[in-house]
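Some structures are shown below for you to check.
Same chain, two partners: subunit A is paired with subunit B first, then with subunit C.
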Partner chain A sequence: MRKIKLLLKHAFLMISSLICLFPFYWMVVGATNLSKDITKGTLWFGAEFMNNFRAVQETADIFQAVLNTATITIVQVPLALLICSMAGYGFEKYPSKTRNKLFNVFLLTMMIPFAAIMIPLFNFVFDVGLIDTKMSVIVAALSNTFLIFFFRQSFKALPNEMIEAARIDGASEIGIFFRIAMPPMKSTFAAGFIYAFMKEWNNYLWPLLTLQSSENRTLTLFLSSISSAYYVDYGQILVSVVIATLPTILIFMTMQKHFVSGILGASK
Partner chain B sequence: MKKRLGLLLATGMLSFSMILAGCGNSSKESGANGAGGASGAAETNDEAATEETQKITVWAWDDNFNVAVMKTAAEYYKKLNPDANVEIEVISNSKEDIYKKLQTGLASGGKSLPDICLIEDYSIYQYLNSYSKYFYPLNDDVDYSQFSPYKVEVMTYNDKAYGIPFDAGVTGLFYRADYLEQAGFTAADLEDITWDRFIEIGKQVEEQTGVKMTVANGTNYSSLFRTMMQSAGAWYCDSNGELTITNNEVLKESLETIKKMRDAGIILECADDSTLAGAINDGTTASVINAAWRVSTIKAEPEQSGKWAVASTPRLNNANSVNASNTGGSSWYVLDNGQDKGAIVDFLKAVYAGDIDFYSDILVNQGAVGTYLPAQEGKAYQTEDEFFGGQKVFAEFASWLPEVPSVMYGKNVPESNTAVNTALFSYLQGDITVEEALTQAEDQLKNQIQ
Partner chain C sequence: MKKTQNTVNYNKYGWFFISFAMLAFILFTLYPMIESLSLSFKVLRDGEYVFGGLTNIKRLLGDKIFHKTIGNTFLFLAVQAPLMLMLALVYATILNAPKLRFRTFYRTAIFVPCVTSLVAYSVLFKLMFANDGIINYLLVNLHLIEAPIFFLNDPFWARVVIILAMTWRWTGYNMMFYLAALQNIPAETYEAARVDGANAVQTLFKITIPQLKPIILLTTIMTTNGTLQLFDEPMNITGGGPAEMTTTMSQYIYNNAFVYAPNFGYSVSMSYVIVTLVALLAFVQFKVGKD
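This part shows the complex of A and B:
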């Protein structure tokens, strides 16, 4: 009886994972086939990967787009993590009368859709002369309410005694943050990193509005632009999608362990 | 360990701030030049006097089609005017993305707009209606009688014409000559027919060959009923932009015709546009009704070379209906962002309203059927295409072009498409009558846009 149950459980899990993995499989298979074969429903590997790849390069500069997205992400993510973790730490570890009210205001901003603040923000970025620069994309996402909230929740698990002990020993407040508070939160930072990375790597609407020239185009804009042609070449699109997805998959694979424990709120 | 961590962080932050500083400096320059914005442009004009190269930015959305066409236009302009100090930069984004950017730029007071933007005929009215002050009228500069009248009609607002007409969505009936021959039909049997005749032929084709007569996106018939409607000079609204869906005899006949076709079983219904393309390439359909740009999908399967042919679009029984119609199409619009328009207008005039070789070039290389009427004299239009059994495909399309009835598209085309399409489905299922479907569509639309 128990064996049957176990078997059923595993069968269910395997079917579910097949369903989840199929799009990835199809993406890779599609990248190796011609567009006309993809629309006919081919499900096995073809020999056209290099041709599709060459066609993408002839259409537009995909590596420039990868480079742009990478630059923005590499600069933005560590800065956002630093700012948000410090903010979360500050909210949690420095008692004051207004901190909860202020924090509630922060949380409320999560409910304002981006579309509502888009045009004022665009006006602002234009007026300060940041339009069509990578800076405009980086700066706009430096403070992220969800990340501040996430870090604050995690810092709750950090015993105040440790901070007090460090203070008595004469450590500076900044020193306490970097030397006492940060090291045990490795998995929280890893989870935050994956979150911020994916958000920035897939960022679409804001770069679309502020980045104007072709040299500054990010990967998401590149993908969107090649998929709206009158004659859609699915082979080209899928090759580009494979290239665009690789870094996310790699990062998730290498940091998967931390991601799960970080989301569960572990703090050793 | 702790020390090393601190050191690492310190150097990390230092390098980030340096990168940031670098980004900031270079960005300011490109911001002023590249964006073509009002403030930046004013500065460059003052200092740079005459000899500076003027940069013309263009937004377009298809790298193999209109982006490539604009790049070709830039080359032609350079040949015509080797001394002109202009640099034309074409920026490619998806169509939806361009509309979002354009909308944001217009809504924030004309900031960061391109010099020239490609806009679909179905969408231009809503922009001219709300933001005509940011568009630059060209009727003093361009002779619009040289272009297809129905394209000029679309870009006229308050008696001013904006933009340069670009590609025609003139439609045709692409068919598999081999299947039709097998069923006993010649090319003459398909020329200038009605939809009723098309259905009769379709039934026989399926009987003889086992192949469905035509193909459509089974979730979205809007391209088909739009084509039918425009063939009789009708639309969702009248020439004042007032909705006329409920009592629209032409739209009613269009929907009834689609139901007749579907009930006769001659349509292969596809789940989406990619399976539709697949059906064309794997030979499971004997025809497809679409604009000239379908040629590229059809030619994607070289094994079918010589088997295709093209005939004029079938017409409705309505007395106004002709064997010519249109679906889609777009035009170039000049945006008024405070810069001097002289060079831009000169460029558009010289190439798009004057160079016949250019039109032949883009027809051959991009399959773009222009709407500049004198260009039809160009040799490319007279070329026989082996893929279509030696037929002069583009000469055919060009001959239908002047016959396409003019229609005023109004400002709610995407919403109207959805509303009518949704109601059409209830009608196709037999749940409601065609009159009820039209009323339902108009009610839904009015709720949505008010």
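This part shows the complex of A and C:
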């Protein structure tokens, strides 16, 4: 009886794992085969990856899209981490009633759906002349309430005595932040990095509104547009999906522990 | 005397550290939020937005398509959210057994879908469920169906595909929350239950679920919040079709602002419906979760 139960458990988990992994497998199989073979139900790897890739590049500039997403992410993520970690530190280590109230305002707005602010935000970005620029995507997510909250929680673990000691030694307040407070927070920054990276790399709705010209479009916009084209080429689209997914998979494989905590927003 | 001076000094630094975030927050969150309130009362007249009183609200009450999109969104919420959260709980309870073989493999496999971007996995599912996609190929060749099902053009199946896709993407994510919380339940608690002769179902309902209540509440609120804003998946899997069967509220707002003849005032007033619903549901869930 026990054995049967265990067997059933494994069967259930095996089938579940298979369902979860199959789309990844099919994506790679599809990227390495020609469209006509994919529709015939090929389930084994082919040798057409480079041909598919060249074909995408001819139809639409995927290089440019990768470059755009990479540029936005590389500029935005470190800036957001810096700004939000500073804010978390400020809220936690310089307590004041006014700032605490302000922090609550930040938290309250966390539940506001993006749809509710996107139109005035669009108008604003248009008025200041940032429409259809990478800058419009970068600036919109610089302050992230979740990240601020996350950093604030983590700075709670930093003993105030350490800050006091550094002050007695004559360190400046800003110097204390960079030299005393930041270094022990490596895993917090790693988790925060993953959270911010995933958010930016996968950002879709906001770029869809602001980045209107094809030279500026990001990888998500690129994917969305080639997959809704009239003529659908499986090989080309799947190559693009692989390219879009590869960086996040690599990050997942190299920093698995931080990845889970980053994506769940837990500090452990 | 010196102390006061110091406090003032520190206070200044407190403001300095939060100033950048505050500036960004005011410009890109707070200001649009306040602006949207006034915009929601404005109507377009001769290319200008002028105050229109309750015009938008009246239109909203009579907009059949908008009502349909609310219905669609709630259908996704009512079917997909419980299905996914229960499944996540089941996986978590099974995988919490430390001696289970291949435990790490199963956990990774079930979690890995949430590494994909929403657009990328939506596109992938669109191709898999296409008329000549792999799912139809497999179903036909395994003789489960006779002819391909036009999943994405069929009002019923289009919804099913979106629900399946979301469940694929998010179950592992929620499972991780439950797994983390389960580790805080001491093994002795389960041991005691086993000694008292409790079976698996009793253990689940009498120990696991009550202990996980806060985290179940958290995942429910997050899922509700996410589903009410659902956009990327229907946009990229079905395009909202067929015949608005899968169009969500966010998508309809987007269409009204940027696809059809743009009407920002009306779109913003619709977005307030989402705000209200998110707040209301979070409040209800919080109340229910606390009891």
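Things to note:
The definition used in the following text is that the second predicted complex is superposed on the first by the 233 of 268 C-alpha atoms of A that agree within 3 Å, B and C clash if a C-alpha of one lies under 4 Å from a C-alpha of the other, contacts with A are read in each partner's own complex, and residues count from 1 in each chain.
Just so we're on the same page, contacts are C-beta pairs under 8 Å (C-beta built on N, C-alpha and C of every residue); 3 or more make two chains touch, one makes a residue touch a chain.
None of these values were measured; they are calculated from a predicted model.
Aligning the two structures on subunit A places subunit B and subunit C in a clash.
In the superposition on chain A, A:Ser214 makes contact with subunit B only, not with subunit C.
Of the two partner chains placed by superposition, A:Phe189 touches none, neither subunit B nor subunit C. Using the contact criterion defined above for the overlaid structures, shared-chain residue A:Phe126 touches subunit B, although it does not reach subunit C. Within the superposed three-chain model, A:Glu173 lies in touch with subunit C and out of touch with subunit B [touch as defined at top]. When the two complexes are overlaid on their common chain A, residue A:Phe252 makes contact with subunit C while staying clear of subunit B. Once chain A of one complex is fitted onto chain A of the other, the partner contacts of A:Thr59 are limited to subunit B, with no touch recorded for subunit C.
Look at A:Leu21: by the touch rule set out above, it reaches subunit C but stays clear of subunit B. Of the two partner chains placed around the shared chain by superposition, subunit C is the only one that A:Phe114 touches, whereas subunit B remains out of contact.
A count of residues in subunit A touched by subunit B and by subunit C gives the higher number to C. Within the superposed three-chain model, A:Val232 lies in touch with subunit B and with subunit C [touch as defined at top]. Note on the superposed arrangement: subunit B collides with the subunit C stretch 129-137, while the other options among 129-137, 183-191 or 273-281 stay free of clashes.
Across the superposed pair, subunit B and subunit C both touch subunit A at residues 38-41, 118-119, 122-123, 205, 208-209, 224, 227-228, 232, 234. For subunit A in complex with subunit C, the touching residues are 9-10, 12-13, 16-17, 19-21, 23-24, 26-27, 30, 38-41, 43, 83-84, 86-87, 89-91, 93-96, 99, 102, 105-106, 109, 111-124, 139-143, 145, 148, 173-174, 177, 198, 201-202, 204-205, 208-209, 220, 223-224, 227-228, 232, 234, 237-238, 241, 244-245, 248-249, 252, 259-260, 263-264, 266.
The touching residues of subunit B, when paired with subunit A in their complex, are 2, 5-6, 9, 12-13, 16, 19-20, 23-24, 26-28, 30-32, 34-35, 37, 57, 61-65, 89, 91-97, 100-101, 104, 107-109, 111-112, 114, 273-275, 277-278, 281-282, 293, 296-297, 300-301. Those residues of subunit C whose C-beta lies close enough to touch subunit A in the complex are 10-11, 13-18, 20-25, 27-33, 35-36, 39, 91, 94-95, 100-102, 105-106, 109-121, 123-128, 130, 132-134, 137-138, 141, 168, 172-173, 176-177, 180, 225, 228-229, 231-232, 235-236, 239, 249-250, 253-254, 257-258, 264, 267-268, 271-272, 274-275, 278-279, 282. Note for the complex: subunit A touches subunit B at residues 35-36, 38-41, 59-60, 75, 78-79, 82, 118-119, 122-123, 126, 129-136, 138, 175, 178-179, 182-183, 205, 208-209, 212-214, 217, 221, 224-232, 234.
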